[in-house]
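Consider the two complexes below, in which chain A is the common component and chain B and chain C are the respective partners.
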Partner chain A sequence: MPSVDNNASPPSTKKPLYEASTQFKNWRYSPDHLAHIRSTLNEAAVGVIRKTFEAYEPGSSSNVSFVTADEEHLLVTFYIHKIGQLCGHFRFPEEVEATAASYLKRFYLKNTVMDWHPKNVMLTALFLATKTTNNPISLDAYTSHIPNTIASDVLDLEFLVAQSLRFEFAVWHAHRALWGIWLDIQNLPNTPPDFAKTESAIYDSALTHVRAARLTDAEFIYTPSQIALACISLVAPDLANQWLESKENTPIPESRVDIPPRPSSTAISASLEAIRNMITNSGKVPHVEAVREVDKRLKLCKNPEKVVGTKAYLARKAEAEKKAEEKRNKKVEGQKANDRDPFGQELGEPAAKPGLVDYDDESDDE
Partner chain B sequence: MDAVERENSDRQKSWAKEQKVGEGTYAVVYRGREVSTGRRVAIKKIKVGQFKDGLDMSAIREVKYLRELKHQNVIELLDVFSSKTNLNLVLEFLDSDLEMIIKDRSLVFLPADIKSWMAMTFRGLEFCHRNFVLHRGFKMTCQVITPVLRWYRPPELLFGSRFYSSAVDIWSVGCIFAELMLRTPYLAGESDMDQLKTIFRALGTPTEQEWPGHTKLPDYVPVGQFPKTPLRDLFTAASADTLNLLSKCLLYEPRKRLSASEVCGCCSYGSPLYIIPISSPFRYPSHPSKLPKCSTQMAPRPLEEVDGNVDMAGTGPGVKAAAPSKVKLKRKLTSPADESRTRSIARKLDFTKQVNSP
Partner chain C sequence: MATKSNYGWLQGRTVKKGGNSSSNPHSRSITPQVQSTSSTIFGGGIKDPSGRTSEYFVRHFVLFFNLSMDDQCPVCKSDRYLNPKLRLLVSSCESCIDRLFTLGPAPCPICNKVLRKLAFSPQTFEDLGVEKEVAVRRRIAKEFNKRLEDFDNLRLYNDYLQDVEEIAFNLVNNIDLPATEARIAAYKAANAAITSLNIQREEAEALALKEQEELQRREREAQRELIDKLETSQKDAHKIVAKSRVAAAKRSSARAASSNANSGILGMAFGAEYTKLLKTRTTKANNNVPDVPHVPLQDDWYAYEDLYTVRAGGYDDFFSDAVRKDREGIMRAGGYRVEEAWNRALLSAVAGLDIMTAVWTSAQSQSKPLDVDVVMESV
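For the complex of A and B:
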């Protein structure tokens, strides 16, 4: 019974799924923008920490050699690599590893290593990723396999990590795109039927490049499919071209107004070239000595307010407690005012305004 | 205070909780407003502190998928923030649901109304399926206790199938479609076994030909032989087109069941197969603003509890989603004056309730 849907939604609502994602909307940057975010974040952190040092011991910050934005980035990259090692140990699927790596990278676009050491954040990011990708394991099992780690090390940072991610847990990955392109390639007219078997080394090497790309900023700048195609082109440039041509030669039906115009092939080649360079130049695990050097200096310049037991930490904690106490007192006062007469107010007396519900209402937290 | 914490607290301050409208062990739901605009919202506070593994899976699923899904027929997640050990979801305010409307005997449904509700449901569902999200837990409301869910459960899940598809949602929508016409639940079994019996009694015991391989499903048990009775016998007032659509949502073989995109004609190729049946004089569906609405006031109701039936390790075929929930259909208020006495009708798929299925 063909008929016209008079309530049909306009075609504009059917943009590509990726373009509707939070990743597309909120986590894409230009290389300059990324550099700017990191340097601003680093400067602000240094400013705050210097002030804290001075407040407790005037002159004490002058000899401190704070870590730079580049050094912060180096440290984070090292811990992305560590995530890979941990995932191998737990035999977590690729999706968990890729997601945890994205979480860690995104976290450090909002936070500094001088406040939160990536060694700790990594554990929380990975545990969160097991849950968001539907591969959960119990916290006990998780911590018991990681030396010197207890449950609170993981859980204490969970809200902070989730907040830093803006509670946007879904991540689109290049390894998925690689799989899609690999399937496409097997469907090309000239591909022999046993191609996937005989040429599986192409896929394996491309996947190695995808993993190397995880150590770079590629995912902040390019789409998962661009990264995947660049990785194939590193291994088998002709194959990548064939796939690209097959896409270019497929006509878009006029009815498909939802498909955006294709980028020019020069634009695509330029992106692919840039990604290849990125993978070759920065897709490497930082040298342990370099990491050690940064970590050593980090010990001396980390935010004392975040280091348990320091004067600054205790002062900050006392301040927070004082505020909470004041709030509680206020609340008790408010209740007292409401409790004056069990039979209600006198006529003519202004009725107490029904207050807004307190988010931190203790009675709700049981 | 760190920048991230400050941002969180700013978010928190932009929403005001007003009145508690529901409570369960897992969450508390408040009615609230956006401070800057006065817009009505629902705020669902999920208690996280009690979970030894931190943020729990159902909260995470809910947030993960609702963050990505934006569609006029899917409930909108406006914001997320944390307070102490609680996770707060700010949701579009839907103050009535299909169950209340069905139960309100003073309301008369025109075929065009049902068509309109079904069209909204199918559109929301088509969008979810296109995003590889299975709804997997249709209900008429959030507030009904868990067993109700069984009534909308397709036979392949009752037989323990571990690999299922978007077709499970189509079965559920078929049951709701039938319920809208009957004004009473269509396939209301009292246990899982009775549910199968009820289904077979209504639609006939499936043959191997109708549903190849079903006797090999993990939990298959023979539940007796029942003859097929024509839908026409029960749905006496429905048009032929209507029954045709209904029967194709309630096919035993999941692969033969209609897909949401076939129904909506939103699929990329060709014209729609089935628009919600059109039979004169109701050629067009009711406009949302003209849909029946309840006149009763909203009172706090207990929230549904987690039924502990969630399979954390289970994975579907490429689809891992399982946002919990129900169908809610809503319409916009025609004027602010209505607001005090009448309630709008949801036209959204609401993923926010704690339902765990299959």
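For the complex of A and C:
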């Protein structure tokens, strides 16, 4: 889904680097598309779980009230907020927090909270983020600081999370773009030299907006630079405009014919406006009461196959084991079929072992 | 006898190990004492603890390798059964070689090539291929001894090395032998001066090295002596030390004088200058070989490089304060450069500014199945 002006540009034009990122290629959606994914995912999950309920206790699913797509999203948002708290506790850098939040969000575009509760996935996502952003922490240190958590809680889900992320761990972050804009503003001609010191409040409140944006779907719909710019424009609209105009008016070097046109402030003003609205309207931590209510219902409608100790869980486990057993047997048989001693036939003593067995048998008989 | 000519190149080249014994009257193998003399020309072989030379071959062409009872001299047909101490010199037994070549060069009884007794060299390696390669390389190294200093640029030197390697390869594998020999001869004629000069230089270097080692040895000895003296003698320690110091000073001044006298003839100063002269004369034509300019990796991505510049004077930046003020550079260990972090931030500030919201129609969802179920099923 390349953007419009890219289609219009001549073929000799080089492609912007951001469009090479997996974030652009695989994790960019329109708002409708996001809503569609969430609703179909929810429907599919409810269908599967309802079937499971019926399979073990017919009629039991009729009075279960399953959580809706919106409620799922509410829960996920709440645990993104939790990630922020955990990161504060561990003193992880901003990058870890942002990456873990992105992982959690992306994970729930492929999975449902009814299968995997976000309170568990959150821990795994955060631990994975420490590793992918090169801020490693030992698993023991990590779990010992989180109550009621053991190493396997974190590790068991790790592959699932990585798989759901399609192993695409690199994330472009808005906070880095914000830093870049902040640095670049110092380059504007009419910026006073001590700007960064005197006006640091602008940066600080823009950063709180970036953090708020993390609770929204902004990163799925807009690019990090747009989000960062919108955050600045929420605090200092003139400054944001000035910077954007300076970018728009940067002359294209004559020697370069292979670069795309400059970003146009009129074209992206609508996007900026939408991001601003999104941050002010939905960039909030959900009410704990609402979350608690959803969580209570989630306990009743969790996929029984994923809840340790239930009939369905045991049945599924037994089935999985049976399958594994079959696979093993098949493997053994396959080996037996061409079962010849890799070192060739024994020399000289043909039945050394059978002889022993016979001997045993005889003694048994006696 | 397909391999007959393989070792023809060994003609005229000897590795002499045992001294002059071609006239040794005892070198006939039928006489038992020959076995124990290591002074025959063939005597460089593997010795057992008693000092005897055990089975061992000198060869002209590759024929007999296995030390078995089947080994037979192709000339006199004697074999190990008849003479258990038979020493095969590859094509014939030692006695035959003695008999055939005592009167100087004679034709080989098998291939009729004129050979000398000296042409038989002792074998060091079990694999004759290795043996041959070593001999070829020994020969090549003697003539192709140019060094990097003899060339104007690395490119020429590398070409030269490539040529040498090619020649060696050809000789080892018998490819195009006449042409290769011609090449060697041409090279020899053209570079006689440099070759001999380099030989001189090598000798001078070896000599200098030897001298230095000798010097170090003497130095150590003097030290040892001094310590011994201090240990055993009853004299005043200060006096002994002072005495040895004087001796050391004398030695070093004598050394300086002698090395000055030598350097004019053998030292590197002369060699280097002469090479320089040769160099300018021989390779004047090739002097201006232009260096190929480095072409950086090219790809089709636009990295917004014209949309931003990292300010040369740096930024007023709270985040990198600690790193920049880190005097010892502990935080910059591993090559961290704050400019790169700035560059990355600036890049992500301008990256994708112009990208519009994705357009999605519900029709797309049909064509693009959700991989949601896949994940759910797979677990």
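To be clear about the criterion, the second predicted complex is superposed on the first by the 317 of 366 C-alpha atoms of A that agree within 3 Å, B and C clash if a C-alpha of one lies under 4 Å from a C-alpha of the other, contacts with A are read in each partner's own complex, and residues count from 1 in each chain.
Here is the rule we go by: contacts are C-beta pairs under 8 Å (C-beta built on N, C-alpha and C of every residue); 3 or more make two chains touch, one makes a residue touch a chain.
What you are looking at is a predicted structure, and each value in this text was computed from that prediction instead of being measured.
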{"item": "Partner chain in contact with A:Ala151 - chain B first, chain C second, else both or neither", "value": "first"}
{"item": "First, second, both or neither for A:Ala228, with chain B first and chain C second", "value": "second"}
{"item": "Which of chain B and chain C A:Gln163 touches, first, second, both or neither", "value": "both"}
{"item": "Which superposed partner A:Thr132 touches (first chain B, second chain C, both, neither)", "value": "first"}
{"item": "Which superposed partner A:Lys110 touches (first chain B, second chain C, both, neither)", "value": "both"}
{"item": "Touching partner for A:Ala20 - first (chain B), second (chain C), both, neither", "value": "both"}
{"item": "Touched partner set for A:Pro263, first chain B, second chain C, both or neither", "value": "second"}
{"item": "Per-residue contact with chain A, leading partner among chain C and chain B", "value": "C"}
{"item": "Chain A residues contacted in one complex by chain B, in the other by chain C", "value": "1, 3-5, 13-14, 17, 20, 110-111, 115, 160, 163-164, 256, 258"}
{"item": "Interfacial residue positions of chain A with respect to chain C in the complex", "value": "1, 3-5, 13-20, 24, 28-33, 36-37, 40-41, 44-45, 48, 109-112, 115, 160, 163-164, 172-173, 176-181, 183-184, 186-187, 193-197, 200, 221-226, 228-229, 244, 247, 250, 252-253, 256, 258-264, 267-268, 271, 274"}
{"item": "Residues of chain B that touch chain A when the two form their complex", "value": "2-5, 7-8, 12, 16-20, 28, 30, 45, 47, 49, 52-55, 57, 60-61, 63-65, 67-68, 70-72, 80-86, 88, 116, 119, 123, 130-131, 241, 244, 264-266, 268, 271-275, 277-278, 284-285, 312-313, 315, 320"}
{"item": "Residue numbers on chain A that touch chain B, as the complex places them", "value": "1-9, 13-14, 17, 20-22, 110-111, 115, 127-128, 131-134, 136, 138-139, 151, 154-155, 158-160, 162-164, 166-170, 256, 258, 356-357, 359-360, 364-365"}
{"item": "For the chain C and chain A complex, residues of the former touching the latter", "value": "300-304, 306-309, 311, 315-319, 342, 344-360, 362, 364-365, 370-373, 375-376, 378-379"}
